[in-house]
Structures are given as C-alpha cells and as structure tokens.
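Take this structure first; my questions come after.
Should a chain be cited, it is by its letter among A, B, C, D and E, assigned in written order, with residues numbered from 1 in that chain.
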Amino acid sequence: MFSRSSIAMSWLSALAMALPGVCFAQDTLRIGLIVPMTGPFASTGRMIETGVNLYIKKHGNTVAGRRVEIVLKDDTGTPDIAKRLAQELVTNDKVNLLAGFGLTPVALSVAPLATQAKVPMVVMMAATSTITEASPYIVRTSYTLPQVTEPLADWARKNSIAKVVTLVSDYGPGIDAERAFRERFSSKGGAVAGALRVPLRDPDFSPALQRAADAKADALFVFVPTGAGTSIMKQIIERGLDKSGLKVITAGSIVEDEVLNTLGDAAVGLASTQHYSAAHDSPENREFVADYKAATNGGRPDLPAVHAYDGMHLIYEAVRKTAGSVDGQRLVDAMKGLAWMSPRGPVSIDPDTRDIIQNVYVRKVMRRYGELYNVELETIPDVKDPVKLAKKKSP
Amino acid sequence: MLTILFDGVAYGMLLFVLACGLAVTLGLMNFVNLAHGAFAMTGGYVTTVLLNDWHVPFLMALPIAFLATAMLGLLLERTLYVRLYTCGHLDQVLFSIGIVFMSVAAVTYFMGSQQQSFQLPAFLQGRFELELLSVGRYRALVVAMGVAILIILQVILMKTSFGSRLRAAVDDRRVARGLGISVGPIFSLTFAIGSGLAGLGGALGVEIVGLDPNFPLKFMIYFLIVVTVGGTSGLIGPFLASLLLGIADVAGKYYLPDTGSFAIYTLMIVVLLMRPQGLLSKAQ
Amino acid sequence: MSTNALETRQLVKRFGGITATDNVSFTLEQGSRHALIGPNGAGKTTFINLLTGVLNPTSGCVLLNGEDISGLGIHGRVRRGLVRTFQINQLFPTLTVLETLALAVSERDGFGRNPWRPAGSRHGIMKQASALADTFLLTDVLRNIASSLSYGQQRLLEIAVAFASRPKVLLLDEPAAGVPEHDRATILDVLASLPRDVSVVLIEHDMDLVFSFADMITVLVSGSVLTRGSADQVSSDPRVKAVYLGEAEHE
Amino acid sequence: MNSLLSLRNVRAGYGRAVVLPDLSLELKEGEALAVLGRNGAGKTTMIDTIVGVTSQFGGTICLGKRRLSDLGPEQRARAGLGWVPQERNIFRSLTVEENLTAIAIPGAWNLKRAYELFPRLQERRLNLGNQLSGGEQQMLAIARALMLNPKILLLDEPTEGLAPIVVDDILKILLKIFKSEGMAGIIVEQHARRILRLVDRAIILDRGTIVHAATARELLEDDSILEDHLTVKKKVHAPRQTL
Amino acid sequence: MHPAIQMTGRSRNTSFLVEQSRSGLAELAVWTILLLAMFLAPGRHQLLSEIAIVALFVLSLDLIMGYAGIVSLGQAAFFGVGAYSAGLVAIYVTSDPVIGLLVSAAAAGLVGFATSFLVLRGSDLTRLMVTIGVTSLLGEIANKATGITGGADGLQGISIGPLLGLIPFDLYGTTAYGYSLAILFLGIVLARRIVGSSFGLSLRAIRDNQLRASAVGIPVNARLVAIYTISSVYAGVAGALMAQTTQFVSLDVFDFHRSADALLMLVIGGTGYLYGGIIGAGVFKLIQSVLSDATPQYWHFWLGLLLVVLVQVGRTRVIRSIANLLGLGPRQISPQANDAKMSQPR
C-alpha cells in the first residue's frame, strides 16, 4: 500500500511537471461536488446542490482572497462512476476539495483517492459510521445513524417502551441503525422482539409490517432511506398499526421535512430523534429556512440541505484558518475542532474522528401554522458518533 | 395468514393494473414499449396534482388520470410510435428507453425529484376487520378494480367486433388492412387504452409503492416479469402471473424474511424454464 | 436380407387429446425411392418431425439402418446420415452460398467445434463446397448471401445443403414446390442421379412427379397408414382416390 | 359492358425494388381473368398492388370511377376488392366465424350464404383459425373475401399446396362463383390448365410485363402459346433415370 | 414470401472465410485513434479507460447477441462475478492484477457455464427476463453475503500492485487506460479468431436459423453453451478490469442498468462485427459525459431525445453512414437478422 501510493505519487508529480500551463489561477478555491443528480437518490443531490448554492449566495463567493468555484458532477449513485469523476476532478479540474457524497459506497469508493491525492473530502450525506475511517482526509458534516439512533433507544426506555420490533432497509445505514438501536435498547433492559430487514428497492412493505403487527410489541422502530419513508408511513397508517397501540418511532427517516406534510394528521404525535428539524427554533435556522424557501419556491429544507450548508461553512472557515492555503493536509487540520452555530444548533468537528458532534433532538410531529412539523421537545447535547466512541474505549 | 394472502392478492392486482397495458401493447401489438412505466408515472403525477393542488376528489381523479394518460398515449402513438410498428424490437427498445429518459428528466424538471403522495379520502383509509382476515379498504378497492379491468378488457377483446378486429390486426397487419380493417385507428385506440390503464395503475400505485421521477425505471422489470411470466397471448395469463407474483412476493417476505426477496426472481426463472412462453401461451 | 434403411415401429404421437401420428409402422428399403402422400393435415409433417428428431414420439421407435435412433437429437441423426430438406426453405439468410455449403461440409466432418482455425482454411472443405455449388448451378452466386438469391436458387441451395451432409437416407419435403420450370429440371435431374445407396423418402403433392420418381408409395391419412404399394397399386386404389386423388384428371 | 377495374401505366414493387415496370390492364364487369406466368413473374405483386400492400411508384388504378391508387388498402377493400392472399393468412386467433364477421360488410353475401357455399366451415365455425387444415383455410380465405361483398374477387394461387381432391373442390366452388354468380375476378395461377376453364380471359406475365393476352378458349385450343411462355409441359418432365 | 426475400438486396458479399481480414485498414484506424488518445487526451484517461472497459463488456454481449442470436439483459451477472473475484483476489491472495484477471475470467466463465443452460430455450423475451432474474439473484446473494462482499457498503481495501510488477496504477488513469486497452485489444483479437473459425460460422448459422442449423448436424445447444461461457469470460474480465482500475467493488456491479446500458450501446454501435462495442461505448460514454457535465440534472432528457431522434431518423441509416465514414463497413450492420430473431414466435 505504501509503496504503491508513493510510486503513484511519483507518477503524478512526473505527469504534473510534464503538463505545463495547466495550473489554475492562484486565487480560486475549486470544489468538486459529487452528488447523485439523477437516479433514485436524485432528490438528495439536488438538495445538497441547493444548500451549497445557498451558502455561497449568503456568504459571498470569495473567501480568504480566493474565488469559490463549484464543479458539479452527477455520480448517478454509481461508485465506479463517482470514482472516475473524482479522479478527473482532481487531475483535470485541479479541485482543492471534494464534497457531496450521497451514498455510502460512493463515499467509500472515492476515499482511497482522497488519501492518495491528499485532497480533503467533505461528506455531506452518506451516514455509515465507518466512512470517516476510510481516509484521513474525510471530514463529515452529516451524521451517523448510531448518533441519532442511540438517543432514541434511551428515550424509548425512559418512556416505558419495553418491547420493540425493528424494521430497516437492508443496506449499510439501515443495518447500522438496527444494530445501534438493538444494542442500546437491550443494554437498557429493553427487548427487541424482531429485527426485520426489507430490501432497499422494495416497493411493498406490507409483509414486514404484518410481521411487526403479529409480534405485538410496544413500538416499531423504523429506518428506511430518503424517499421510502412516505410509503411505509402510509402503510403503517393503512394497517391501523398506529391505532393498535403500536407506537412508531424512528430515527428521522420517515418524518422527513420534505414529505412530512403529505402524511396528514395520522402522523401527528409520531416520535423521532434527529439532529435537524426545519422547525428548530433558532435565529440561524429561521433565516436558513426562509432563504431556502425563497430559493426553492417554497420548499422546506431537509437534512442534505443543512449538511451541505454546514459543509460549505466548514470549508470556508478552514480556508480562512489556513489564510488561503489550499494544501490538503492543512485544510483537514484546520477543519478539526472547528465549532460553529449551525441552523441545526451548535456543532463541531471531532478532532479525533473528523466526524461531526452535534445535538440530537427528540421530536414529535405537531401541527404548526397549518402545517406538520417535527417539533423538538428534548435536546441531547453534543452527541458523538457512538460507534467510534466505543471503538476508542474498547482497545 | 389470510391477511397475508389478501395483501399478496392486492399487490398482485396492483401489478396487474400497472402491467395490463403492457400486456396489450407488448403482448398483443408486439411492440416493446419500455416506456410503459412513463405512462404510469404520468397517471400518478396527474392524480397527485389533481388531489393536492386542485382538490379534486380521489374517485374523480382516477378517471381523469386514465383519460389524460390515454390522450398522451394517443398523441405519442400518432406522432412517434406509429412509425415504429414495423421496425425491429431493438429499435423499439432504443426508442422507448429514450422516451423513459426524457420523461424522467422532464418530470424532475417540473415536479422535483422528491417522493409524491396525497391524502386518501377517509372512506378509503383503515381496514375492515373480518373474522380471520383484516382487509385494507384501499387494497380492497385495488383488488376490485383489477378484477373489473380484467373482465372489461376480456369482454372487449373476445366479445366485441372491435376485439376481433384488433386480434385480426395483431395476427396479420398487412392482410387485415387488405381486407378492410382500419388497423391504424384500431392500434391507436388500443395503444391509448393501454396507456390509460398504465396511468390508472400509476394513480392507484402512488399510495402503495410511492411515486418519484424514477418510477418508470424502477418498475420496468416488474412489468416485464408480469407479461413474460403470464405469456403474451392475452390478458388472463398476465392476470394469473400478477396474482402469483404478488402472493409469492408478499408471502415470501413474510415467511422467509431473510430470503424473501429472492422469491419473485426465483419464481420467474422457474416458471420460464418450465414454460418458456409463459403460463398461458398461444397454441402454435 | 439387409436391414431397412429406415424403419418406424408403432410410432405414436399425441398432442394433448389429438393423435397426430397413430401407430405408424413404416419401412424404407435400402436404396429405394419412396413417396409419402396424403391430404393436408394427414400428419405428414408430424411424421417427418418424428423421424428427424424435432419431436419426440409418445411411443414407438425409429430405426436407422437397424439401429434405434429414437434417443438422438436432430443433429445426432444428421450425423448418422438421416438428412432432410424443408418444404419451406430453411436457409441462413446472412450466410453466403459458399459459407452455407462449407458449413454443412465442415460440420459433417466434425470440424465445427474448432474455435481457432479460420473457417475457410481447410482446402478440402472448400473444394467440396465448390463442387456442390457446381452441381446445383450455384457457382455464379457463390459469394451472394442466401437471402439475395432468387426463389429457385434458394430452393436449389436448400437441397444442396442436404447433399452436403452426405445423406444415407434423404427426406425430401416437396422439393420442387414453387420452383420455376428451368430450375425444376435441374432439381429433378439431380434427384434422378442420386446414387443408389442413398435411400429417399419423397413428400409431394405433384402426382406426376410422385409417379415418375417413386418405386413405392405410402398413403398417410389422419395420422395412420392407409395403404402402401407400388405406383400402380396406389393410383388404382379406390380408397386413395376417395380421400386424396379425387376423380379429376391431372396435368 | 363497362370497365370495372383499370390499371394504367402502373409501376410498383416492394420497398424500392420495381417489380412491375409499366402495367396496364382492363377488367370488365362480370369478367374473370387468369394471370399466368412463371414464378417470380410479378403475378403476386400485381395482386398486391391492386390491393395496395406494395409500393406504387406511378400510374393509376381505378375501380369504376374511383381512383384506388389514392386510397389505403383498407379503403380499397371497402370500395369493393375481395382479396384471397397467397398464403391464405387466416387470422389465427379468431374463430372461423369471427374471421368472417370481423371484416364483414353488409350485402348479398352474408354468414348464411357463406356457410351454404362451404358447409365444412359451418361445422368448424367455433374452431380457431390455426386449427384448420390447408383446404379449410383456403375455403375460409375465399369465404372471408366474399363477406366483404366485393365487386372483384382477387385470388392469389388458390390451389397451391393443396391435395388434389381439395383442389377439385376449390375449383368447383370457384366455377360456381364466377360462372353462376357472375362475379368479376382475377385469379393468379401457376397451373394454367386448371384454371382456364373458369375464366374468360387470361394474361401471361413475364418480368412484370404482359407478354401475351388472349381469351381462355384461344389458350386452351392452342397449346403452343402456353408452351412458349410457361414451358408448361403436358406431361411432367420425366427425370432421366440413371439406373 | 419470395418478394420479401428478394428485396433484401444484394449481399455486401465480402468478408468471407479466408478473406476475413479485409477490414485491416479500418481496424488499424480504430486502434490508432485509441492509441493516439493516450497521448492527445492526457486529461481524459479515466474516461477512456472506462470506455475501454465498457467496450469489452459490450463486446461480450455482441458475442452472444450479434453472433449467436442470444439476447441478454444479464451480462452484469458475469461483470459482477468478475469484479468481486478480482476484488477478493486482491484482498486475500495477491495484488498482482494479471493473476486477478485470470482468476476472475475463470470464475465468471464457471458461472456463465452453469447458467448457460437457462438460456437455451424460449423466446427472446424469455431470455431477457431469465438473464435479468439470474443477475438479480446473484446481486441479492452478494448483498446477503456481507461477510465476503461487504454487502451494501461495498468491498473495501482493494489495492492493486503494479502491472507486471513494473508499472504502478496512477492517479491520472494512464496505467489503467493502457492496461484496459491492451486487454481490449487482446479480447478483440481472440474474438475475431473465434468468430472467423468454423465454430464462429456455425454460430452465425444458429443465429440465422436454428432449425436448419441442427438439420446440418450442428449440436445447437452445445455451441450455445460454449459461446455463452466464452462471453461470460469476457464480461468477467471487464468486471475485473473495472474493479482493479477503480479499486472498489460494490453491489452496483450487478445492477440492471449496466446490462441495459450495454444493450443500448451495442444497438447503437451495431451488432455482429465486433467493433460495435467500441463504437457504441465510445459514442454513448462521450455523449453521456459531455451532457452530464453540461447539465448534471437533466442530461437524461437530452440523451433520451438523442435516442428518440436516432430511431426516428433511422438507426441503421445513421450507423451505416458513420461506419462507412470510418470505412468500417460491417458485414451486416443492419440488424435484420437479430431483429427477425427478436420477434417472438407467435
């Protein structure tokens, strides 16, 4: 591994020398934004793009004397394409940073490149815990599933929920969420009566929901990816699971702000934990939501938007800290430990793990101003990714 | 147990409503219209807009979705599809995939890429609790519509002169024309009905399988499975195939949650190995 | 006594409830010219399909030179010398005449499995293919693809391909149907000059051809053998007249 | 009698290929015409061109006063052409009766008369088209064309590939249609002698051009014409046996 | 029926048997372009390498579709097996790329052989669906076998040693392109030999007319199994190249869109003359790349529009004029034979 990358680097420098005149003006800050703009996860990509643009519009397109340029690429959700695009961004477009990354495999496929090319990589959505470990150049402004799931398990125990069925999509984040919930919930004396996984591309949740109903648990813990939330919620309502005494609790994913309104009153009262709600009550957020609505013709910001907004903030602040230097290592170092007030509340970058430390909120769906919102009821401050915390403790 | 069976039936019926239009265009007219899902998506979006923005009652929105999609189908058939009946299947694949790509991008442009949904009227929410069986009201509606559509189509196809002319045109387009059958208008109308049914299926499906611009690509394989497993000789085959697949899928996932997602493909392969022409195939 | 070139024993084929071939026992003596006639729907096609292995019999067996070949597939039977022509031309539309003939020769000699040697590199094969083309007056169109040939030429190629497989028993399914007069003569000449060690089964509606070519005739009606005998016996058989030949005189 | 069908300088073929370079022809009311010629002479192309399923490059086709060449095949059929295609082309997935009713145009010919003419079809009226024997298919194809109540019946090789006894049946029925009913018609046939007794007139085509036109009687009386143009042998060429 | 046959036109009447190598000049041109790209487009080696790999993948489809008439929407199955094999070899056995390639070829070939029996029967539609089904099942297996494949997160930790122990893989994709191009070249050379052989001739015969093929003594099924296996080896090698050059494998390798894209590219490039894959992959990927750079959100629309226009204008005409321009006049670029086979027996 070492020899390979060092040889590769020698190739690189040789080639770089052999290509005169390709260097770009010193005063730009080029950011390669790799997101899914088409395909099943397009809405994530578009929201990230909006968040990024919003930040630039708000805070100007220069920072520390550098003009910020965004090079947007559509990875179609395919890792090998993402890898190629990232490589081209680094070698051709000479970007200083990579950002975006909607899906775990995409982020993981690009990670070795970040290491090899020493380009910082700001992950704005992908939420599997292991991602930041894949390269020392990865910094994350999104979240990890365990980070928002464990507080939910705590909350459930506190609210006298003893027996839970988990239902997750069968992919990395889903399994992360399931494991985090089960471990935390069991450790607090709760019982997990069943662990259901549905395929990622499943159009019909009814068999899983039927099993959940049959298990006669107190609550159903759900995690599915963006987009699938609506249909699972509808089926829960259709089955009357919500009325049969089975509480639905979730780490955010089925009460996303983007679709919450269409769920109707049946969703009212649904409890979830997450690190951001469009209803978060702070001046920063009110401004952010207003700006976002203005930019998207009335849309409501959701996780990718705020992650991207914060990601840009992180980049801006880091470049300021390095006084305009775009050296990869220096940028990453500058990012470590940065703290700021995000629309989601106070956040900071954990210098050890390069993951975000943030508040997690317990929310319930309520009707406000004629619309449904996740209203934050409790705050669990400064939550770190518990997986890495545990790893740190155990060895 | 019975509830699972019912859910399977309902899922199967939804597949049938979604795919029966394809059974007509691919099975009968022998046109590989991979853009079938695009018509279904159109129906879904029409319904969503009608319900959410125009506040049209759901049961009124369904026929409008059917008609709107049928009109769109008619328009495209007259302008573009009509030139491809005589082309090879590969051209049809290429063309209809092109239509799919365009529709995906166009819908993203106009409607955004997020999931769409709407509120069902109260009388369609919830369930009937019977002795052994718990029936979702909405699913019951889907089942009823699936059966009704099968019966109506079957009657049109087998009992009316339109049906016999259509079958004649399908058997031998050239000779049918030479014998006075106006193949063009018959195919146009059939294509419109097929598209309309897709639209209706799309409208009904929003509630169960969701709706986003990626819909045509996501469900393309499911439609094809229904038609292939059912056989391309008529509508009974696809109907049975839909039922079988729906039940197998739901039951597979219920009873074998770890391997249930294999059910639909395994079933398809097994059926096609035993009956390469599908469940019900035309006697040669 | 030598074994029959081809023989079927109690051959039965049912499709669902319909019996298409009903207990047919048929013998083709070595070197004979045997015509198989019967009205449309008499089961001639099914019978041929059973002989050549396209269909598997419900019961009964097929013997080639005394050897049971019922278990063999189509190609296996061809390799043993049971070769047919088709009523409707079955050609390779995009292959040239030379390629088509060379293919048949090379398959007969067992070279078709070779994925390495260029198909045209064996001199012997090319020579035989050209010779066959010569015999069937196809030399001028040697390098034309089959679909570009005239109907008559396609018909000639159809029969030439069968010859390329060097048949011991040749099943000819209406070889002269639809062939223009000029080419028709060629086909008849070639058939007439077939070596006597090739046994021939001819299926034909053209009674003049049947009576002039065949030394033995089997009449198939409703899937079973109505009668069998020489041309004179069959043509004077009142049952045959009733079901097939009719009263009208023929050209 | 008036001219019923007329072809003037018709140029037609398939795709871009020209098969009929320049064809002119008149058919009077009640007249039956045989079209003879070798395989590939353009006989089927001629029928197909009248029906409208080929590419016509020039010339006009008129049925009475109506210009057929401006119409699509379906309109021509309704204008009065009854086509019996070469391969019979029975609609496989329709029953015998549906084959007849799907295209029927009200008139003198109806289901009852069709069944009278072909009692066999009535027996098989509920069978699907693909369950018929060759002879039955031919009968159905003829009956089907009659159900259009055509002014002209266009038959393309109606006896091809049929057993001799069936050929006889078909010829008898055609005789009835042309001689007793007085239907006008065009019959394409390779076997000249079979057909000359049914028709009034015959033309011989070669390479898309009429090389000879005569009355049926003339042709029947003078073998040499047929010999010259068709090389039809009175006796089938006896192969030279090499034994 | 004869007019229909007659109108198909005169044969191009070349490329027979011994004279198969006639297209030498045009081929030379193609390879010159591909080689020159190495030096003239130093910034695009990533894309070029992807094109070379995809071209090899499309070639694998051409072998069965263009030469044997088997349509498939499941080539991704072998692509995926090849990719995972290469990834696993790199992680657990050796980082040598060539050994990884060989193992992957063998693994894909085995899977291809085992599944070939599923595609022997049935219409084209049946084959399409069975191949889709097989791919989905393999993808599902890979998804479940998290321990081996890394499940939905993908197989991580692949590192590939220098090529032949000498040339390391670089960030610019130069080594990757050279490597992929060399394998593609090898693949084409081998494929040409195969399709030009007696075996290849018998495949074309089977594609044209299966009934007649068996009636001249060709064991149709055995030949189809053979070519299907060969084709799966090609697809496996393409998958392995992808895994090695991107050093990452995820479930996406089994994704339906891979097979579907390959089919699109092959149809665009033309079947049955081996270079359809390179042309199709090149054209498709370049257009896709240009469009998605220009409009990352809506490039599907323009791509779709291009396809629709292509078909409406007449695909054959467009391909033929392009091919003639390149002097590559394919033997039968008009896909009549395949399309005729595509129509189901009804």
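Please note the rule applied: contacts are C-beta pairs under 8 Å (C-beta built on N, C-alpha and C of every residue); 3 or more make two chains touch, one makes a residue touch a chain.
Chain identities (UniProt): A = ABC transporter substrate-binding protein; B = Branched-chain amino acid ABC transporter permease; C, D = ABC transporter ATP-binding protein.
A quick note: this is a predicted structure, and the numbers were derived from the prediction, not measured.
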| item | value |
| --- | --- |
| Reaching subunit B from subunit A through chains that touch each other, fewest steps | 1 |
| Comparison of B-E and B-D by number of C-beta pairs in contact, larger one | B-E |
| Most widely separated chain from subunit A, with each centre as the mean of CA atoms | D |
| Interchain centroid distance [CA atoms averaged], subunit D/subunit E, Å | 50 |
| Averaged-CA centre spacing for the pair subunit C and subunit B, given as whole angstrom | 47 |
| Rounded Å distance, subunit A centre to subunit E centre (Cα mean) | 37 |
| Whole-Å gap between the CA centroids of subunit C and subunit D | 31 |
| Set of subunit E residues in contact with two or more other chains | 1-2, 6, 140, 257, 297, 299-300, 336, 340 |
| Touching two or more other chains - residue numbers and ranges from subunit D | 39-40 |
| Subunit B: positions in contact with at least two other chains | 104-105, 108, 258, 261, 282, 284 |
| Touching residues on subunit D, where the partner in the complex is subunit C | 38-40, 133-135, 160-168, 171, 191, 193-194, 230-232, 234-243 |
| Subunit D residues within the subunit B interface of the complex | 51-53, 72-74, 76-78, 81, 83, 85, 89, 91-94, 98-99, 101-103, 105, 128-130, 144-145, 148 |
| Sites on subunit A touched by subunit B in the complex | 38-40, 42-43, 46, 170, 196-199, 201-204, 206-208, 210-211, 227-231, 234-235, 237-240, 258-259, 262-264, 266, 299 |
| Subunit E contact footprint on subunit A (complex, rising order) | 1, 4, 7-8, 11-12, 15, 19, 37-38, 42, 46, 72-74, 77-81, 83-84, 87-88, 90-92, 104-105, 108-109, 112-113, 116-117, 128, 130, 134, 170-172, 175, 199-200 |
| Complex contact set, residues of subunit C against subunit E | 52, 54, 73-76, 78-79, 83-84, 86, 88, 90-96, 98-100, 102-104, 106-108, 111-121, 126, 143-145, 147-151, 154, 161, 164-165, 178 |
